[in-house]
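What follows is one structure encoded as structure tokens, with my remarks underneath.
As written, the chain order gives the labels A, B, C and D, with residue 1 at the start of each chain.
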Amino acid sequence: MSSCFCKSEAQKVKLDDKYLNLEDPNHPANLICELCRLFYDNNWVTGTGGGISIRDVKGANPNVVYIAPSGIQKERLQPWEMFVVDRRNEQLLRTPNECPEELTKKYKYKPSACTPLFMSCYTLRDAGACIHTHSQNAVMTTLLYEDKVEFSMSHIEQIKALPRLAINPETKVVEKVGSMDYHDTLVIPIIENTPYEEDLTDSLQEAIKNYPGTTAVLVRRHGIYVWGEDVWKAKVYNEALDYLLELAVKMKLAGIPLVRGTSE
Amino acid sequence: MSSCFCKSEAQKVKLDDKYLNLEDPNHPANLICELCRLFYDNNWVTGTGGGISIRDVKGANPNVVYIAPSGIQKERLQPWEMFVVDRRNEQLLRTPNECPEELTKKYKYKPSACTPLFMSCYTLRDAGACIHTHSQNAVMTTLLYEDKVEFSMSHIEQIKALPRLAINPETKVVEKVGSMDYHDTLVIPIIENTPYEEDLTDSLQEAIKNYPGTTAVLVRRHGIYVWGEDVWKAKVYNEALDYLLELAVKMKLAGIPLVRGTSE
Amino acid sequence: MSSCFCKSEAQKVKLDDKYLNLEDPNHPANLICELCRLFYDNNWVTGTGGGISIRDVKGANPNVVYIAPSGIQKERLQPWEMFVVDRRNEQLLRTPNECPEELTKKYKYKPSACTPLFMSCYTLRDAGACIHTHSQNAVMTTLLYEDKVEFSMSHIEQIKALPRLAINPETKVVEKVGSMDYHDTLVIPIIENTPYEEDLTDSLQEAIKNYPGTTAVLVRRHGIYVWGEDVWKAKVYNEALDYLLELAVKMKLAGIPLVRGTSE
Amino acid sequence: MSSCFCKSEAQKVKLDDKYLNLEDPNHPANLICELCRLFYDNNWVTGTGGGISIRDVKGANPNVVYIAPSGIQKERLQPWEMFVVDRRNEQLLRTPNECPEELTKKYKYKPSACTPLFMSCYTLRDAGACIHTHSQNAVMTTLLYEDKVEFSMSHIEQIKALPRLAINPETKVVEKVGSMDYHDTLVIPIIENTPYEEDLTDSLQEAIKNYPGTTAVLVRRHGIYVWGEDVWKAKVYNEALDYLLELAVKMKLAGIPLVRGTSE
């Protein structure tokens, strides 16, 4: 597979595909490519790991979900390499394997192993986008707290970038009711890693249900899953969380408690 | 809100606004965008936090102050998204909410919660620009010295990049009288964080008054405010301070006193 | 030697060379330049150290090997500065010293001292590309485990990015049979450094033979050699290994065993 | 002073100056700008500190020395902002204050306080370029070895990037006779900082004379001076030294001796 297909090449082969719009930089397939390059520079998707999925919440059919393929260098992704899935029934709407072979050099794409995990966030939380990284800050946090099943932190300004979530007593649905406060204690569940990524699905879903206030799940010795109402919220939540996890590692190693007033 | 408006789009909608000049890269609204991208790459304005405000000190009306809106990804700011305020009476001269909706996609902008803090620097110190970051070096310093209300450091060459300030005995105004010396002790006050950013105003103003020699205030578990005579001085002071705070954290963790000849 | 030759200059001097194709970004000579710039940004090839060699596995003659010259700033390499060697007999097919002097300013190029090491990977493992870095994560790992001749790590998700290799019982050749699992223990041999790079050849070859499961060899106080089936695999393996070595240094310094369930 | 003059602007004002050549990217005035941007990204010239001077060793008059002005943001330097000095008599050949005022906005430039230090390297060692950084790796090394007047390190591959220097017994001049070996002990003198940069001149000159084998001098709590036969050698030596100083700090903090087989 080539590292250097560019838009002009795609235009030369007259790529006509209702799930793509190369001209619109805010189209989900283009945003996935742009954000994966950013995440690569942050060491979050090193060596084909991690990724981002976007649901086309503002498109004609908001159940359409874009997912990058498995095992691809994320910083070199092209918009026509996406799988497209219907959120309601997980039906495959588009595969990059139907792309003109000039664009893919006959590479055989497989859907990301993260697919059932991303779908869990779409289904259980009505997410608009879902990010998965192998951030070393996330991995180190789960190692420094190897005996804990939760990460907790309080009294850091950056916590205010995260959403305050609550179960709507009438609909029983988790809804955003504002932002966290400076003195709130942020709690992120930590689940144990499994040999195969798809086997994380049950414990991820359980964590999502048990922690209605969380917008992320840490995976021990692996990384983090973060979701949000739309792609930009998910990006901001993930950035804020990674900032906090980076700080948490420094604080722990310096002997500073993460929750003010406790010994933790 | 879009991530990818570009100058050409703004020109297409014939943006005519006396507070903007898209052609001049040194216009305050353009510099705010340029510097926010730089600050984002430094992890100083992660996840919509922090920012910069510029007073148009060389413009027709030097009381005109440009401030980015609240809750926006700082690396994606566009010049037409600025609020403009008169320093004398805090009157709102321009809001991005009046922008053509093609440019803002009907996003409802709110003024930054930092506004009263930036205005304090403009009023009490006649600043030309004011920077607020969530720098982890600043946060870690306030955590490593949690029982201190001042940060002190001496005998590091980079201290010379900071201004020597003194009260003019006649006018009672703080003025720059030169640069700090290598053997001077740099002292930056640390104020306690508050749940709401605007509630920092009183303690920030108090610190500014009590420390006539400082060009910055640290906010515990939050970040730093830095100001200067103009945008470039503010940028240089903030860079030099962050360099010193980064070094201070390393020195403290290595057991090296920050003030030479003391145990601190 | 100039730092700023560009493609257009090369075209002006009508560079006609069957071992180059300036128009194809996926040509080995161009990829070496692109990847060396990336490696430079990662502090892997600082100050002329390290590099990458590519075998033209998809070209007309897959025995053709491209190697950057010795002592050159890797981020400033140009495609016409490559040596080209036949893998079978190590015959020199092209030297940059035959290039038009406008392009090289009469610089006298010497083949990289890594040449016999790269050739060992091509010969013993049928590699498609070979990377050598001076990564500080690699050097620190060999220093923190100065009494060990192997680096071992288990139960980190990123290990899954590395290949599972096994000796084919019939052909006796090492072949890729899949990817490593999360719970596998990654083992990379560490060889001792020698005064001259070429003197590493014997111990590198011995390590390659003794560790049929490895796709890399660490060199104490020096760096790492990594190879793969093609250039992209080699890049991904090297990235994944550097991520693991970075994490290993952090874990070791924090007192966390690298192999879960042991004291190591 | 503007941050955004560009070549086209300079061409508009018909800049005609025998000490500049905007078209040639390898001209000393252009290289100073290019390298200062690189150094800024490395946190080596933060907040106007540090810089680089180049002697036009391949030009018509190899005694012509280019030096950036004092107190300028190094990443925003423009080629026409340089001072030009004759190495033999330190006569000022060009000042940026004679530049068309459209280009400088009447900014009053002063020669860098590093000028006598750079000139010392040109005079005593016949250097072709001289770099001064405020690298935190350099500062931390001088702090971790506060009681030492020399930095020593051995048995790290990167040492081989540094030159082997020796006094020619006939001419008594220090000459490059090759490169350092892996098992050599690199020794860099450390001089004490002074309140004014120019007051470092005597001790820098003394260190240069007392350490004929060195191509650099560390300045305690300040940074490093590095020189080389030409601009690219100076760049490579500085990069290699910074790599070694970064590693030295990590090794010292991890309790690993810098000179193998000793307790240091």
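Going forward, a residue touches a chain if its C-beta (ideal position, glycine included) is under 8 Å from a C-beta of that chain, and two chains touch if they have at least 3 such contacts.
Note that the structure is predicted; figures quoted are calculated from it, not measured.
S.K.: Just to be sure I understand the contacts, which chains border both chain D and chain B?
M.R.: none
S.K.: So which chain is farthest from chain C, going by the mean of the CA atoms in each chain?
M.R.: Chain B.
S.K.: Mind checking the centre-to-centre distance between chain B and chain C? Centres are C-alpha means, answer in whole Å.
M.R.: Chain centroid spacing, chain B to chain C, equals 44 Å.
S.K.: So, what's the distance in Å between the C-alpha centres of chain B and chain A?
M.R.: The mean C-alpha positions of chain A and chain B differ by 31 Å.
S.K.: Could you say which residues in chain B touch two or more other chains, in rising order?
M.R.: In chain B, no residue touches two or more other chains.
S.K.: Please list each pair of chains that are touching.
M.R.: Touching chain pairs, listed by label, are A-B, A-C, B-D, C-D.
S.K.: Inside the complex, what are the residues of chain A that reach chain B?
M.R.: 25-26, 31, 34, 155-158, 161, 181-183, 232, 235-237, 239-240, 242-243, 246-247, 250-251, 254, 256
S.K.: Tell me, which parts of chain B touch chain A in their complex?
M.R.: Contacts found on chain B: 1-4, 43, 46-49, 73, 134, 136, 139-140, 143-144, 146, 193-195, 219, 221-223, 253.
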